[in-house]
Amino acid sequence: MMTAQGPDLEVTVLENREILPGVHSMVFRTHGNVYADSLPGQFLQVEVSPGPFPVTRRPLTIDGLHGDDCVRVVFESVGSGTSMLAFKPVGTSLRILGPLGRGYELRPGGWLLIGGGLGAAGLGFLASRIDCRSVLLGAATSSRLLPLPGLPVLTATEDGSRGTHGLVTDLLGSVEWTAIENVAVCGPVGMMDAVIRQIPERLLGMTQVSTEARMGCGYGVCEGCSLPAAAGGYLKCCTDGPVIPAADIDWERWRGGNT
Amino acid sequence: MTSDIRSWSLWGRKFTSPVMLASGTAGFGLELLERGSLAGTAIVVSKATTLEPREGNPPPRLVETRFGLLNSVGLANPGVDAVMENILPSAAMLPCPLIVNVAGKSEREFAAVVDRLEGSSIPFGYEINVSCPNVAAGGVAFGASPETVDRIARMVREVTDRPFSVKLTPNEGSLTESARAAEEGGANAVTVSNTYLGMRIDWRTGKPLLHRSVGGYSSPAILPMTVARVFTVSSCVDIPVLASGGATCPEDILELLAAGAAMVQVGTRVMRRPDAAAELLTGIKNFLEETLS
Amino acid sequence: MTSDIRSWSLWGRKFTSPVMLASGTAGFGLELLERGSLAGTAIVVSKATTLEPREGNPPPRLVETRFGLLNSVGLANPGVDAVMENILPSAAMLPCPLIVNVAGKSEREFAAVVDRLEGSSIPFGYEINVSCPNVAAGGVAFGASPETVDRIARMVREVTDRPFSVKLTPNEGSLTESARAAEEGGANAVTVSNTYLGMRIDWRTGKPLLHRSVGGYSSPAILPMTVARVFTVSSCVDIPVLASGGATCPEDILELLAAGAAMVQVGTRVMRRPDAAAELLTGIKNFLEETLS
Amino acid sequence: MMTAQGPDLEVTVLENREILPGVHSMVFRTHGNVYADSLPGQFLQVEVSPGPFPVTRRPLTIDGLHGDDCVRVVFESVGSGTSMLAFKPVGTSLRILGPLGRGYELRPGGWLLIGGGLGAAGLGFLASRIDCRSVLLGAATSSRLLPLPGLPVLTATEDGSRGTHGLVTDLLGSVEWTAIENVAVCGPVGMMDAVIRQIPERLLGMTQVSTEARMGCGYGVCEGCSLPAAAGGYLKCCTDGPVIPAADIDWERWRGGNT
């Protein structure tokens, strides 16, 4: 039931690059090898300020590792916490707690990776650990598309500024399904829900989604991060997830927001 | 009851730290134990336990304000039977006492839950939560009426010889009257207090940011209100007052002890810093030494 | 009563700003007028006026907490006769309406003060302050009992045809019941609400930092509690709700309007920024324009 | 009853020097001549942070003017607000409200100036406007003595590290009283009270003291800054003072703190 979760580390910002407008890639030097065994899909909790506010940390997906002692995140500046983080110069020390949560189950067989917007953060990390056959990426416009160099990526943008003019689900028709035995989906709820409803039924049981919920602690004690469970009641995003078998989620309640 | 800010005890037991972990932000202490984060913790207060399992409220259950946190967890818990079977046995490993926080939908439910928990040797005592702001039935309403507090305390007293605290609401009614009612009803402490009703609305859409609209406000922003209430209540009851609300740094703990608290609970801070208790204790000791010398 | 966040009115009068100056932090508006700082102000609420002159509490009357302000002014004022003679005549120069905040030591005093004020043509209306946390007699105690609120409102209603608001306490009793009682008693609005009981203690000496120990907590830290209370009260009365507590930036005002407030009062912020109303109004208009377009 | 009070100005820190340990001299460029007519004993309200906290400004005595458009304060870093201010680098902009309050009534005739600790801030400014015959300065130790160059200063320190070993009142014996027609006193309450009780009675009516009280607004609207008045009730430090005739204060209530 419980999973030992990573420690609270004082780390140093080694890199802070704006890779897309408002989107930063940040590397933390951890002065140790705590993150060496972290799994794609796991996350960390960043204390964005040493001061009293904000009161809680901010959860960010592990986007990749650099050597033994560095971990990278990619985040968009959307509110108070992430905008403070975006301003941290190289050399700043801050605290991160992790790695946290359940990552992807790295099963054998070909994988299809589907990402929407910033949801693509971490897909490169996942791809490096599995047999990645195809990646579908969707975003509102080209400047919201995370680069995933070296991967077989198909792209859709809502404004047609890159790739197919449309939604990521419009790319499903191009997939060579026979090669696919696993699916990973991450992005906004609406996008994930649409994907789940359109992929071949035989793959539903093999589909893992990377979820998000407002988090408090991030390590299982506060019950803040609930997600509607298919079995009734709720799952905890932080310890039951964030990566969860698609079939375990009650999509109707989640999608509706009326959860 | 007031006490020396340098000596920390509760219910006949001395502690080497004044820091308790508040209900709902430390689980049953087991996740923290596994992390090695219970150093500096005098007592863990468990999350609320009810007679039946409770799913808790639909999300979003948490939202930050500029200077605090709103929660609307709604007493999510697996119910007292599951607590007895699956959780308390592991809690035997805790390096410190466990107080079980008990909630109920009806006046009788509190005593019923305590009665079941009497079957376990683990609880050091109970915290009777008559003040949760996040449930439709019970919650604040119980804590706001001294008569109800008195009745609930008496029913609990009847089923246990273990000590218990009544956790009061700062949102409605009279805190001092409810505290006196708890004492009369046989409580061995009062916890002052639970979260304050709070809310955020997105003015662009007019929509509340919590699913249940109103939630419980916690964080350092509420500290001065807890200090006032601990000060007032501790001068009008003879049982110990456990402070809860807004403690995040060592000076906060010392101020609450000076206001008359026997021990101080830390909630929201633990969500951000699992090692909060140890950090706080170090700071408290440093301050006390500086002042002694 | 809820309202459109883009249109601001009270008691049949339309305003070009939703910002009122709260009682006790703007005097009678005259110092601000002299400074040229009343731009953006819809209505000034005067400091509390009582039947007899009141010295107020011994100092210290103010102390800051890490995230807010505690005050214990204690209704210092020259009494209604001096207000009638020396202050209201000058208040004729104000470019906006004046609401006179009225306090009392006994239930009858409120109506007695209003009765005297009826002799002046200046007041746009009254704010009946049954919620001051900083006086021994009256204050919070009046506001906490719906029966008392009802009686006070009825007595005031009898002596004036001018509109009045009852300023309620968030510290004791039930805010919704008191709001309903005010409405039943004939009030034309409720002000939600006054300051929260708060305190600071120097733990080294054990001494409270305010002379009267407990004071009233204000500042941006209390905003989410005001939002919750305005939201709850405005859905259970038909008279306008005037929000008071924690508004310091344009988004705060918009959030309180979205919660159901007819107008929003600004207190502590004015002490720091005499031009607060104008600054806030500019911000509010910018936000509304951005959102419209 | 009311006195028009100075405006709220955005000013620039032109100088920030630590002149004694923990004591800073700070000059604000006001980009105008608002302070040109300010009187010794008047004060200004400094907004120490543009952020939400601290909630109120901090009152500081005007220590002097530099040319037409600059005003100087001297302050000790004693708490949250003043320590934030002490860290403001040259070039920082912040807001000051002033000049505020009543300064010294600049009467003709010889003056005796008596200052305790940081209370000496502003005495140089006062001396430049009146006929200053003698200045008595007291402090706990020499590093708490503000420099007052060019003035006839007698000094006492409690630890004997400079001047007379003792209190400022121990210097009263050395004053040539015949030349004195006015007295100005500023410092901690206890020190001012002791001075008042020991100066020749004929001067009591000619003694002005510079008071301090916890302030909210600083411009007369909040009733926060009360001082016990000899006539009963309270004076407002910010608009009735800060400089007040000694005879108008109820020293017993003020001294006792039991006010």
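List of remarks:
For reference, chains read A, B, C and D in written order, and residue numbers begin at 1 within each chain.
In the analysis below, contacts are C-beta pairs under 8 Å (C-beta built on N, C-alpha and C of every residue); 3 or more make two chains touch, one makes a residue touch a chain.
Note that this is a predicted model, so its numbers are computed, not measured.
Each step here moves to a touching chain, and the least such steps from chain B to chain D number 2. Chain A and chain C, compared by their mean Cα positions, are separated by 48 Å. Averaged C-alpha coordinates give centres for chain A and chain D that are 59 Å from one another. The mean-CA centres of chain C and chain D are about 34 angstrom from one another, to the nearest whole unit.
Chain B has residues 66-68, 220 in contact with two or more other chains. Listed for chain D are residues 52, each touching two or more other chains.
Viewed as a network of touching protein chains, the structure reduces to a simple linear path. In summary, the structure contains touching chain pairs A-B, B-C, C-D. Taken together, the chain D residues at the contact with chain C in this complex read 1-2, 4-5, 7-8, 47, 52-57, 80, 97, 213-217, 219-228, 232-234, 253, 258-259. In the complex of the two chains, the chain C residues touching chain D come out as 24-27, 30-32, 34-35, 47, 55-56, 58-64, 66-69, 71, 73, 76, 86, 211, 219-220, 248, 268, 270-275.
Chain contact summary for the complex, chain B toward chain C: residues 5, 65-68, 70, 144, 172-175, 196-204, 206, 208, 213-214, 217, 220-225, 227-229, 231-232, 251, 254-255, 257-259, 291.
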